[in-house]
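I am attaching a structure below and will ask some questions about it afterwards.
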Amino acid sequence: MRIQLINPNTTRAFTERLQHSAQLIAAAGTEVFATQPRLGTPSVESHVDEAWASLGVIAQVQDGEANGVDAYVVACFGDTGVAAAREVARGPVIGMTEAALFSACLLGASFSIITLPPRTLIHARRVLNECGLQHRCAGLRAIDVQVDDCQEEDNAALYQALLDEAHAALAHDRCEVLILGCAGLSEMVEPLQQALGIPVIDGVCAALKMAEGLVAMGLKTSKHSSFDFPPRDLRAQWPGL
Amino acid sequence: MRIQLINPNTTRAFTERLQHSAQLIAAAGTEVFATQPRLGTPSVESHVDEAWASLGVIAQVQDGEANGVDAYVVACFGDTGVAAAREVARGPVIGMTEAALFSACLLGASFSIITLPPRTLIHARRVLNECGLQHRCAGLRAIDVQVDDCQEEDNAALYQALLDEAHAALAHDRCEVLILGCAGLSEMVEPLQQALGIPVIDGVCAALKMAEGLVAMGLKTSKHSSFDFPPRDLRAQWPGL
Amino acid sequence: MRIQLINPNTTRAFTERLQHSAQLIAAAGTEVFATQPRLGTPSVESHVDEAWASLGVIAQVQDGEANGVDAYVVACFGDTGVAAAREVARGPVIGMTEAALFSACLLGASFSIITLPPRTLIHARRVLNECGLQHRCAGLRAIDVQVDDCQEEDNAALYQALLDEAHAALAHDRCEVLILGCAGLSEMVEPLQQALGIPVIDGVCAALKMAEGLVAMGLKTSKHSSFDFPPRDLRAQWPGL
Amino acid sequence: MRIQLINPNTTRAFTERLQHSAQLIAAAGTEVFATQPRLGTPSVESHVDEAWASLGVIAQVQDGEANGVDAYVVACFGDTGVAAAREVARGPVIGMTEAALFSACLLGASFSIITLPPRTLIHARRVLNECGLQHRCAGLRAIDVQVDDCQEEDNAALYQALLDEAHAALAHDRCEVLILGCAGLSEMVEPLQQALGIPVIDGVCAALKMAEGLVAMGLKTSKHSSFDFPPRDLRAQWPGL
Amino acid sequence: MRIQLINPNTTRAFTERLQHSAQLIAAAGTEVFATQPRLGTPSVESHVDEAWASLGVIAQVQDGEANGVDAYVVACFGDTGVAAAREVARGPVIGMTEAALFSACLLGASFSIITLPPRTLIHARRVLNECGLQHRCAGLRAIDVQVDDCQEEDNAALYQALLDEAHAALAHDRCEVLILGCAGLSEMVEPLQQALGIPVIDGVCAALKMAEGLVAMGLKTSKHSSFDFPPRDLRAQWPGL
Amino acid sequence: MRIQLINPNTTRAFTERLQHSAQLIAAAGTEVFATQPRLGTPSVESHVDEAWASLGVIAQVQDGEANGVDAYVVACFGDTGVAAAREVARGPVIGMTEAALFSACLLGASFSIITLPPRTLIHARRVLNECGLQHRCAGLRAIDVQVDDCQEEDNAALYQALLDEAHAALAHDRCEVLILGCAGLSEMVEPLQQALGIPVIDGVCAALKMAEGLVAMGLKTSKHSSFDFPPRDLRAQWPGL
């Protein structure tokens, strides 16, 4: 089984961390490989970033289809480009946000989300609404940190900011599960879980395991109506993509 | 990894079919075993049946906890006893209905559900509401068949009834994914999928794969508030349970 | 007219208090009598407790049907077993929670609920969702007290905890009506009402009056589909029930 | 206990029928009396009618307050003027629509409403939304009949139209309870119930019994914020009102 | 194009301010004129006030229809009488509240509303629900000021109260747009906007521009069902109206 | 006042028709000019099309900002790229879908939408959900026609298909207003309105008039959080854009 982890941004260190953490969690027979776009944005922190990143997601899935990929994980909180990717792919495409939300619902009555930076709250809310899970969301919180900081090696400051906000979520939201609203934070899951005493979810890992499960069941993206193959391929317009 | 498939009813043939279909889909390192209650109801088709079946679900999870089980799948459309089971269990407990709903959302924009018999529509609707997915449900349909018929060997009539209703769902609901609202139908997934051309989901398999994924990530049921361990064990009151 | 008050737990003092407060409020021609299960849980504070208590509710309604009871009131916040009881009963079955919610809506634009202990908030929320009244609920609060304390004679501490939380609800939720989220507190209604200056509702009394009203109108539980008589009686499996 | 039935329109035959049917259902100690406005509209079938009728409702409650009335029932589907009446009254004010909706929820999982004429569907929907019960409403139907026809002695044609629509509701909506969306039809409840085999609810009777119950419990309209006494009385501007 | 600004209350100073601010914003070819009822209430601060004011709104629209008015703006937060006015009018009728809500949604992801006095929050919530915009409302706030104060010349105290509450909304609700929940405050828009740095919306101006737009497109109120012309005219009953 | 009409696709004939119909409806002092992207898709009929078109929308707004444009109208049903455009623009950005929905709500209690082709229903539903107007939508319908057909001169067949579907909407949805779910159909508004007898809304015109109104009031896009200016400009990566 081949599963492609799609980094929507162009930051190589981030792609490498995705690859690393995915390999730790992938099942024995699963080949996982992380890719990134040739052109695009170094991080996804706005609707304009999302527009640029979406093209890179589509291009990566097109390449994956040529390479016999069975399923895709889109590693961006906000699930950028997932709907378009579903049109291109035959197999399942899983966004890290929807995977995190659904996993959280299986483990507790409510969850809080901590995302970053604050202007991206609207992206998290969009997925929350699509998944119908507003009533299970005890709190939607943001810390005032740039996404780049998720992608750095030394992120003690980021950890502390997450921990502080998580304690606030536990106290005020009474959340039963915590969702980390940024890709590339899988190393923080275990220490946060120890500190908080509740399940902490990294959406990339959650999406990878859901992708494995759907492929094992032989399930593919429905081509009936909304996610049918796209009527045209416009990638040739942009040489470097 | 040990995963227990919980049959809430007392019908042995049904337990055996669960065991059979689960083994076909379980990952290499997963030990799956299906159990059933010592006392209870031969099928779950009413709120009263659910009340009796819930005790059996709790008792099975208690046994599982003593046997080092890592996660549980409750194999009853309506997710009978899942909330109580979450209190008893340390690891994840997955209902087949919630697993089916979440899987469907990863594969298409909308889904239809076909359950049986009509009086159990209220149970399906209850899970749909808890999961917040009414807006993704294109149709909630029932065929006028007893649950026992799901549990028989020769179920050509049941298949035909499902196929007819599924064609109606495709034509009138414009659903993009189909969910089978009864456990023990995994053999029908493939022929229905071939006939309909859209993904067809068996919730038991979906729940098993989600359980495997959560265990692989080291995630357990949150013990913060709603699903904390129960304040007392009353099983001793009922000798044969 | 015979109305049976169903105590889902096995605490006799609590049953006696139900009987006492119901007689004060019952209409001239109404015979009310409170019953309790032979086996079960001393209080209902978890989903597991609810599972055990549900059987006792069913058994009590079965006895009531044999005794010509016209309607039932289930005296447990969370309306434990009400759906199953509706299947067994011919006449109306009223949960104290739904009765409290509907009564509150007739007296003010919004209400707050104070229940106990915190882990049972999920049960209150379940009824709130079934009744569609989330938008009328100004606050859903819990005090950290065991249900047993509702059942004791000397409950000055409980009264003070309720009063403090009620003042917080009035100040922060701006609620217009207060609902007491525990059975057996009818004696506190009047002092709380005096202290707060807003209507305070005891769900057991509210349910009793609604039951009287429905019986007077000749209305019974609908047997069309969801609450049709159950397909089998399994009580014989459990001798002492 | 004194309960005033408020007919928002000026049709005397209708007031008399309210009085008649209320007396049949009122408890032993309840004095019920139906009143009507001095000025207003012969029936309430539009928003403009509602505007005129609201003044009459207010004026009747003002008179009732002077006469020591304990509670009020507003006998108009759409609950015309109920919010304003709550400001004027000390005791409870119950709209026939909200009472019908809440009663239906106590007897079945879903209900259908048949109102008239079609242009008043928006009034029924307004109350349905205020009560949050859209998810319990299996169908909102209208027959093309004027309200006047509800107010006539010989209404065999109206009965037949209701019966036909009710059969359609039963077949297509799968409703478990039926609500009659017009005051003054209490005589049709029993024959419809016999013909359909499901509970049929007349909102005026339902409201009367709820009013009795609230008064018995000593509950009054909350004067905290939304329904506080109105800041001025403008009735003197209109001599004949 | 003739657009009538309907002041639902009888306070002349308020009508004059409406006229003044409307003329500043009206398009070149638009004739705007503000009117007020002959009888009614000096301000609209309760449901009873709304009942009286609705008649005045209807009467003003009736006069407008006789005078060839193309569209109407109802200048009362809560949109008092708008539904009835739509029945009487041929052209569009726009409430200041709905216009403010829709405008806010075009300028930001969320908005807060500041209305007055607190007891009128229920009126704002009613329109919010009709427009389905609860999920876009970051905060619904009230200041404890009488409506009369909106109508005075010297309103520095009102401005300060609004400013303080607006700063609270910005800090705690994280609103992106602010709506002023009272007519006659158009002069405060600019200073508040300067102080806050986010768009501030006066619903009367918003409604006027929407009315101009609809008339320019030749669009009129739908007469199909809900807002069809009313079945009767009852104004003659009340000589002075 | 300068308002730019943004055609998200590359079809020149369509841009010209936008220009033509906008000039007919623009106010005297409004300069309107329609633009199209240099690169992109000939029509927007899928999520992949939307991804490509979004870049063109952003680029056009960037050009507009350099040219002193006061407001933008995005002429694509589904409001492709509107959120990203709001980040780039100082002034308001109005999507034709949201403008149509809000206008419809001002003219009737409910509306139906006819869009095309069926696979784009998901885009219409997305905007409907963002605007919270599912409860006002009587029907969401699609005709099986390619978007190109909206862009042709001779579209008698398209008109007939719309008319047939509109008659079905009127009969079965009981809609009070009709929304045309495709840009470039403004010429059909008047004949459809004549044939149906209810208001018919072209979203492009509605958006243009709302844009004029917001500019006249001096309102701009909120730069507080969600639509703040984007953190980087990546257009230089793609030379021809």
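Chains: A, B, C, D, E and F, in written order; residue numbering restarts at 1 for each.
Keep in mind that, in the parts below, a residue touches a chain if its C-beta (ideal position, glycine included) is under 8 Å from a C-beta of that chain, and two chains touch if they have at least 3 such contacts.
The structure presented is a predicted model; accordingly, all values stated were derived computationally and were not measured.
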{"item": "Pair in C-D, A-B or B-C that repeats A-F, with over half of contact pairs matching by residue number", "value": "B-C"}
{"item": "Same or different contact residues where chain D meets its copy chain C, judged by the half mark", "value": "same"}
{"item": "For chain E paired with chain F, centre-to-centre distance based on mean C-alpha positions, whole Å", "value": "27"}
{"item": "Chain B and chain D: spacing of chain centres that average the CA atoms, whole Å", "value": "44"}
{"item": "Length of the line joining the C-alpha centres of chain D and chain E, rounded to whole Å", "value": "30"}
{"item": "Sites on chain D at which at least two other chains make contact", "value": "109, 118, 122, 129, 134-135, 174, 225-227"}
{"item": "Contact set on chain F toward chain A in their complex", "value": "39-42, 45-52, 54-55, 58, 81, 83-84, 86-88, 118-119, 121-122, 129, 225-228, 230-232, 234, 237-238, 240"}
{"item": "Chain C partner contacts - residues on chain D that touch it in the complex", "value": "25, 27-29, 92, 94, 98-99, 102-103, 105-110, 131-136, 170, 174-177, 190, 197-199, 201-202, 205-206, 209-210, 212-214, 216-227"}
